[in-house]
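Labels run A, B, C and D following the written order; every chain starts at residue 1.
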């Protein structure tokens, strides 16, 4: 009876996961989808706690088994503590720190899977199939944990440069082989040797570090996404072990969707996954292909403020630099002030602005910019000719006219935002250095363009202050 | 061993079904997807024949059981005969008769499911669950069979008008209830009473007829698609009964995809499913809302031929009338002759031309018109101004300028093909009568328009002859 | 009530199977642009014919002395093949 | 060889289950426009936390005299909850 109810709650949970995931694919239903999936999750958790029945090896319910109150206490304590801490951390931490936080939380999931593996191992001695599932879950969980910690440090800024260890490839291969070797050894040869188990655990942790350490900051989203799907896989192995259907569906959904997503991201970045994981940037060493003749023109904060204040229509072009500077909140403030003054403000979203598909959408959605204000490239391009001021914030390649004009340019043929058609173009970046593609940008030399140098967040904050005083 | 191999062949078959279905969703991979699915099907059939093992009730292989050679002979005979007859029929029959043929073949699938039910019934006496599955499969199969026969007769033209039986609704309800009642009776009360089983079979056949008989020809595709997904369901019940995974996946795939498709079709036609099945046409009674002033101008075949022969660019607008007249082959002939003479020919495909989504695409693909020649509405509209001759064949609503000009018109706001921008417009239809929406068409009174009256197939055939003689 | 619950949990493998298959079917079709739906379904010939596997299975289990059953089975296999082959070739 | 075959057919329910789930996952994501992928995955919080169900299950089965196991289990549930709740609230 109880276990039938439990099965049904798992079934409902699995269905909510699929439906929720589906609804999250559409901005209109995303929030609802998330709630639905969370509801299914809570149902599954409550079901697991309250409908638990111990079965013996023949599947018969062991009625004499009573879960001691202390265990319930610990479970509720852990859930309560976890909820409060998780909630507080998420609320207290600056919104702008979300990426590293998400990565940290991912690591927690991995650690959880690894701990389950460590605990359960001894109960399944002798069952090779079950042991393999446990070991696989543990290894994947550990890799995902230590990898996420490194990802956290990198996104956090603590670990700045991609670290290129000497003999990295050899080291990497050695650790990878030892993980596999320890794993096989522990399962097939001496399952009762705990030393090897710990060695395996340790090797997996090292592998996670090695895996993540050489990856540059811009590729971090890909790695996060990959580690994420790893955690899913670890959960799926757990589901296999306990014949727990919701862990299976949830884990596989996250695992397969995450893997697909990782591949899509890599494709959007135009580099194979192996390259993102092992290699440096393709465009890193590229230099300007041709000298651009012309002068650049500076503009200061107060002139910019005046110009924008008296325009009718302003279009903001956000780019990678906006994300780096975490300026999404202050740009929203700027937008609101301008709107108050009767200026129409829109954001022009280039499909590959930033470093991952939808980067700008996520970023601006984070700071509650309304979804209607985000206009996609094809729709905004005809509007530039009627625009008074275009404010380019930390974008470079996506507004580079070389894509239209210079057949020799590496970005030739890429569709760009035609900001040149606007009356005034103001470009904010820190210096004249190149963007992702490593090429110069003729736009900056356009007579209509004024450069507003400085870190995006600083500059925009000053701009807001200036505007308020007008 | 054998049954493991069989399971694996079913697994592979199921995966090919999913992949195949997926690939069929893209015109480029459709043919390959079909081949892949067919490959999986053949594998599953061969596996079933050659890897068969009889299991007793405990699941142990009954090694003493040998399938008599005669049975193998009958199976191979049936498969051989079926393949040859199916192939010959499909080849010999005019391509233009494909819809009715497909519907006939659907009926065969239903009949097959019904026969399986009749045969298996006695072997499962006493097992209520299995009996329910058998009965469900049998009933659905029978409905699908008799319904498909009626659909065949309608598509065929033998049964012309939608038949409105007196007291149809009462009759329908009575038969529906008796199907359910007989079904419940036979399963729960007296499973060994064969008379009731036959009565049930009979009632299901009648229900299939009643279900299909009042439906108009234009709605037939919806019904075909629905009956199709019924056959899928019947197969899935079989899969349930024999724990046969490939029947389950295949059946459910066809059933769920088909049901979704049916609903989408109904939505595209702007009528609820119940309406398509029970009701008459919404637009049937509508009459012209306003008088159109002006004269119409006739043109004859030879003038049309000359005009087209000496043009540079001809756009053909196919519509429902082309489908009715089954003129898709001769229009392709026309296109090829014109192309030979150096005239560029394209087809303008309106999204709702015809009576179901993609109607024109299927139709023209059937006669091997190349896929690049089919241009969608948004892409062709800007081209009309550079077009010498537009040939409208049996299309009406989709070229009606009232959609742009007349806010009172029922089709106001619908995007249309802007054929008016072309230099000459030639419209082929049989008379001045209205199209699906039941409204007059101002285009026919346009000074640039010439009417070429007659059945599309006849007229086009004459046009081809004329052109050849030029 | 308890009966139904037990029924569900007994057949849970089957239920998951059905639910997942339905999702796959719906998702595969749902992703396809509307205009291609008709070609898609009229192209899904092979899959539509899957009932023939059942017909063959029944035939292999048939009692060879039962002429009526043999005839019905023969017909079932024949009709199933007709459906399959007619559609595959015809398309 | 025969071993592998038997393994496959023994676990066939599971294999179908995995195959179908993978298709569902891929199809659901595949149908979503590229620009929404990142929001989608960063939104799939709840699902990512499903490992917590496993942690609770282990905890319920734990031997209450084994302090080490109790602590590990507590940590596992805590971390799992952290992952879940941090992401759901944070988003």
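Definition applied: contacts are C-beta pairs under 8 Å (C-beta built on N, C-alpha and C of every residue); 3 or more make two chains touch, one makes a residue touch a chain.
Since the model is a prediction, treat every value here as computed from it, not as a measurement.
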item: Result of counting contacting C-beta pairs for B-C and A-C, higher pair; value: B-C
item: Distance from the mean Cα position of subunit C to that of subunit A, given in whole angstrom; value: 42
item: Between subunit A and subunit D, centroid-to-centroid distance (C-alpha), Å; value: 19
item: Mean-CA-position distance for subunit D and subunit B (Å); value: 42
item: Residues of subunit D engaged with two or more neighbouring chains; value: 16-17, 21, 23-24, 28, 30-31
item: Numbers and ranges of subunit B residues touching at least 2 other chains; value: 18, 245, 249
item: Chain-level touch network, classified as line, ring, star, complete or other; value: other
item: Touch relationships between chains, expressed as pairs; value: A-C, A-D, B-C, B-D, C-D
item: Of all residues in subunit D, those that touch subunit C in their complex; value: 13, 16-17, 20-21, 23-24, 27-28, 30-31
item: Subunit C to subunit B touching residues, read off their complex; value: 14, 17-18, 21-22, 24-26, 28-32, 34-62, 64, 69-70, 72-91
item: Of subunit C, residues touching subunit A in the complex; value: 2, 5-6, 8-9, 12, 15-16, 19, 23
item: List of subunit A residues in touch with subunit D within their complex; value: 17-18, 20-22, 24-27, 30, 33-34, 37-38, 40-41, 44-45, 48-49, 52, 54, 67-68, 70-71, 74-75, 77-79, 81-83, 85-87, 89-91, 93, 98, 101-102, 104-106, 108-109, 111-113, 115-116, 118-120, 123, 221, 225, 228, 231-232, 234-236, 238-240, 242, 244-258, 260-261, 264-265, 268, 349, 351, 356-359, 361-362, 365, 376
item: Parts of subunit B lying in touch with subunit D, wherever the complex brings them together; value: 1, 3-5, 7-8, 11, 14-15, 18, 245, 249
